[in-house]
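What follows is a group of structures, each given as structure tokens.
Both of the next two complexes hold chain A, though its partner changes from chain B to chain C.
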Partner chain A sequence: MSKNVKVNVEYLTRVEGHGNIVVNVKNGKLEECRLDIVESPRFFEGMLRGRSIFEAQHITSRICGICACGHTLASIQAAEDAIGFIPTEQTIKLRKLLLHLENLDSHILHIYLLVAPDLLGVKSFVPLIHTHNDVVRRALRMKKACNDVCDVLVGRHVHPISAIVGGFTKLPKEKDIDTMLEILESIQVDMAPTIELGASLKFPEFQRETEYVGLVNDTDEYPLLSGDIGSTDGLRMDKHDYKKITNEFVVPHSSAKHTKASRDSYMVGALARVNLNFEKLHPKAKKVANAIGLKPITTNPFLNTAAQLIECIHSLEDSIKILKEFKNDGVDYAQAITVGLNENGQIPVKAGKGVGAVEVPRGILFHEYEVDKKGMIVNANCIIPTGQNCNNIEKDMQKLVPEVLDKNQDEITLLMEMLVRAYDPCISCSAHFLNVKYIDC
Partner chain B sequence: MKKVKVAFFDFTCCEGCQLQVANMGEALLDVLDLIDVVEFREVMSEKSSTYDVAIVEGSITTPHGVERIKKIRKTAKVLIAYGSCAAIGGINGMKNNFDLKDIREYVYQKDAKHFDTIPTRAVHQVVPVDYTVTGCPVYIPEFVKVLKAALMGIAYNVPDNAVCVECKLNENECMYDKGIACMGPITRAGCNSWCINNGNICYGCRGIVSNPAEKGQKDILEKYNISLEWIENKINMYNKPRELGELKTDE
Partner chain C sequence: MILVFPVQRIFLMLNTLTADIIELLKINPDSDLIVAVGNSFRSDDGVGPYIAQGLERIKDLKLINAGYTPENIIEDVISLAPKRILIFDAADFRGKFGAVRIIPEDKIPQTTLSTHAIPLNVITAIIRQSIQTEIYFMGIQPKSVCLGEGLSEEVKKTADQIIEIIRKSILK
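And now, the complex of A and B:
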């Protein structure tokens, strides 16, 4: 077939951050296929040097507005690991709740506002205000509800206030727990039509086997906040060995650093987690997964959006469970942490290194800090889910383009955009770090 | 009434302030009754070459960013600097605490040459700005106030009194009385003392008041035995770019 296709999407829309898609087919042969990251570098790892470990959360939360709570939790975990602080059970439980809210909030934003417009054939949610008013209202209502729960728990969702190294500066009162439960139960009502919408969406047909990477554990809990690193190819290792999984490497003829584990590339995110830990999902989530035919191992990356829907149900139900337990057992307010000058010596500090590995909306996120004996940061490293996915996205594009050459250029462009969007890339995050391709902006 | 065309643009930032708009919930639909959002890359694929109001998020940190903000300024009748990164340089300004060559090489090693960067500046240090919404992230009630002012063509001034004023009204126990230093006394109010209400300190994200009563502050520092270095360190978290002047064309 002698066909020429040139796709050049500058500033891909409805994603977080700035990325370009470049596809070039000449005489039916794929010559070029790239996802370029064109975000301005921000140098977070460099800026952290010389800062107190107690400031790391506040600063790294600002890496990303969408996953600010995820960065917060990974940062705190790495910081506590570095200084040898062990959080209480209550603190861990509240952090799990915060992580659920983060995943729920982000997935709803992605499913409704970023992906659904493509599948409904429009450019954004704005035209849907007229054609699907109830859907738009439901989306905005659910998004706000997640935010409102975060407001109660940590002050706000974008750059949470009360979650810090050591625990929480403010613990939810009895009435706060009731408020959070009430809001989450209102989301339950909206979840039913959300599932219906999700089940009705037609995702493009495409399969490519790859390795799926995420947290794993030996308990019945769906691992999000802690665990070992595992993969569908059978890798398993302690979180401190994360660099053996991410294996940043340089691509010939490019300044890019990509990641690979057992194969050429791997995928992280909701689909990877569902593929790895399907049996540990909440029964309600599993039931819906069965109904829409999502089962491990699903190898269609477009279905990452469907996996996010399944995780929404899981996170919502588990959040309600956690809050009901707090309602029954009460909260120990003596565990509130006072922020301040080295936390007024409340938390002892020693020199060391620590790693945080947390499943945030887009996949496994790593923070690593090294501190001196005063708790000042000497070195910092962050590896972001989207950075890990970049290589896999390009491999998908390379397989998908030849399969769809019978379509016209606009259709191919849209399909490429949809593929990248399915990964829910957070380019704003990933571009601050080494492991992504960069071209001059 | 013809709707005002509004476009959102992002520069170097986390895009969290744009997200605050999506977090308004169904109230967003009331706002959309008044304005016509013609470009908002984070949530829309539509693009437009004309607009009346440009809402700009992020700080200016690359040569490309300088050119882009100049173009936007030419097109827009009204330009709103949205969020601390745009308003005061914000957290990106921490980069200015380091030698730029050194920090580039620390993060990107031998690939550093690909990462063009200039000292972080607020938008008003590069082009004239008509309205400012500060805060990391922005406080939505304040954004709505500014948007109303912009649509009506009346002035909005960021409060120039200290966060302490709001903090007192919220009946929080003073951090200094608890033996903890806080940026509240020198930081611009308007956030309803958001962080202190939630048990944390003020980090100065809204910018420094124009008259920080330095002598009085020194008395406070002495009284509570807090070093000037601590305060400077915290100021440099969000407010470092204020040391720079306006961007010169040859920079």
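And now, the complex of A and C:
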């Protein structure tokens, strides 16, 4: 086929951060096909050096305004792992609730605000304000509800205050549990039309087999907060060996490092999780998945959005279940702790290394801290889901472009944009690329 | 903070509060709503919440401190159905520190729309679909929006003036 196509999207809209799409086809031959990540590195790992593990979660929470709870939880998990602290069952349950709220909030916004406009044939979410105002209001109502529950649970809409190393400074009172339940039950009302909308969206047809990576476990629970790292290619390893999965490498056009495991790239996120743990989803989520024809292993990356919808139902139902259990069984308020910077040595500290591996909205997030005997961070490493997806996005683009050369340039450009958006990339968060050598003066 | 686009450079400015703005600050508690926006951990970006704190004890005043999540106030605003909404936020229009300007809605760029940030004029467009209301973006020129608590002297002075004018207009 002799066709020339030149796509240069600078910057891609409806994603967080700055990324460019570059495609160059000459005489039907793909010469260039890249996702350029042009954000500056943010040096959070450098900022953590010399800081206490008891303040790390407040610092890393600021990596992302939408995954603030995920970073908080990965940070706490890495810190607790490093010093050998084992959280109580109640603490783990409350942390699961926090993670559900964030995944639900983020997925809702991605589905409604960023993906739906493409599938409804408008250029952005803004025209929908006039044509589908009730839909827009529903999306923001659901988002607000998640934020409000987060506020009740951890003290703020974003950037939690009360979730700390060792547990929670404040535990929900009976009336707080009732408030959270009431708010979440209001989301249930809005979830029905959300499912209808999701089921009506027509996603582009495209298949590319790849490796899907996420948390796995041997229990019945859909793993989000703990487990081993697994893949659809059969990899399974302890979270401490995460670098054997990520195998980060630098490419010239990206300030986000690329990753690969068994193949030349892998995908993380809702689709990876659903592919790996479909049977463990809440029955209501599985029912909707079956109704919209999403089953493992789905290899169409555009359906990451459909997988997010399925996870919304799972997170909502599991959150309500957790809260009802607290309502029935009560909360052990004796577990509330105030640690500060652990000045009083309330939590025993020792030197060590620890890893946090948490499934946040865009995929598995790793934090690793090396800690000295005083609990100060000597070294830190944070590997963000979007960084892990960048390589896979490019491989998808490289397969998709030759398959759609019969379309005109605008259609190809839109498809490329939709593909990248399907991954819900958080580009600013992904940018960590420089290996900085510190020289003692 | 509102990023005004394209940046309007205003060099000659004698008053931080012009006569038209002082007129706008005369509040009718029955029909007006004040919305404060901003992040108190970013120095002068906290001017909105500072004004809200200064006004929160005034009986009958309709006031929402939206903080850093203004998109969460939509349903509350629609249910209050005010005839007029004054939104206070820091706005970089390259004016004198502490100066107040009415920011035209079309000067607020929508390019930042993502799951992480929803521009104020998108939020007001959603509100306008449901209620008929006049909306004024009251932009206050910050000196600094760096991480940190507390307002600069210039911005605090303006904020205190705004609080006082509103208070007097209601309590007269």
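Just a few scattered comments:
The rule we apply is simple: the second predicted complex is superposed on the first by the 420 of 441 C-alpha atoms of A that agree within 3 Å, B and C clash if a C-alpha of one lies under 4 Å from a C-alpha of the other, contacts with A are read in each partner's own complex, and residues count from 1 in each chain.
Assume contacts are C-beta pairs under 8 Å (C-beta built on N, C-alpha and C of every residue); 3 or more make two chains touch, one makes a residue touch a chain.
These figures come from a predicted structure and were not determined experimentally.
By the document's definition of touching, both partners, chain B and chain C, reach A:R141. Residue contacts after overlaying the shared chain place A:H130 against chain C, while chain B stays out of touching range. In the superposed model, A:K260 makes contact with neither chain B nor chain C.
Between chain B and chain C, B touches the greater number of residues of chain A.
Of the two partner chains placed around the shared chain by superposition, neither chain B nor chain C is touched by A:H367.
In the superposition on chain A, A:H110 makes contact with chain C only, while chain B stays out of contact range.
Of the two partner chains placed by the overlay, only chain B lies in contact with A:I63; chain C stays clear of it. Overlap of the chain B and chain C interfaces on chain A: residues 13-16, 64-66, 109, 113-114, 124-126, 129, 136-137, 140-141, 143-144, 147, 157-158. On chain A, the positions that touch chain B within their shared complex are 11, 13-17, 40-47, 49, 55, 58-59, 62-66, 68, 109, 113-114, 117, 123-126, 129, 136-137, 140-141, 143-145, 147, 154-159, 161-162, 164, 168-170, 255, 257, 336, 338-341, 344, 428, 432-434, 438-441. Partner chain C is touched in their complex by these residues of chain A: 13-16, 64-66, 106, 109-110, 113-114, 124-126, 129-130, 133, 136-137, 140-141, 143-144, 147-148, 157-158, 424, 426.
Across the interface of their complex, chain A is touched by residues 11-20, 22-26, 28-29, 32, 37, 40-47, 61-62, 64-65, 90-92, 94-95, 97-98, 102-104, 106-109, 111, 114-117, 136-137, 175, 178-181, 194-195, 197-201, 203, 230, 237 of chain B. The touching residues of chain C, when paired with chain A in their complex, are 67-69, 71-72, 74-75, 110-111, 113-118, 122, 125-126, 129-130.
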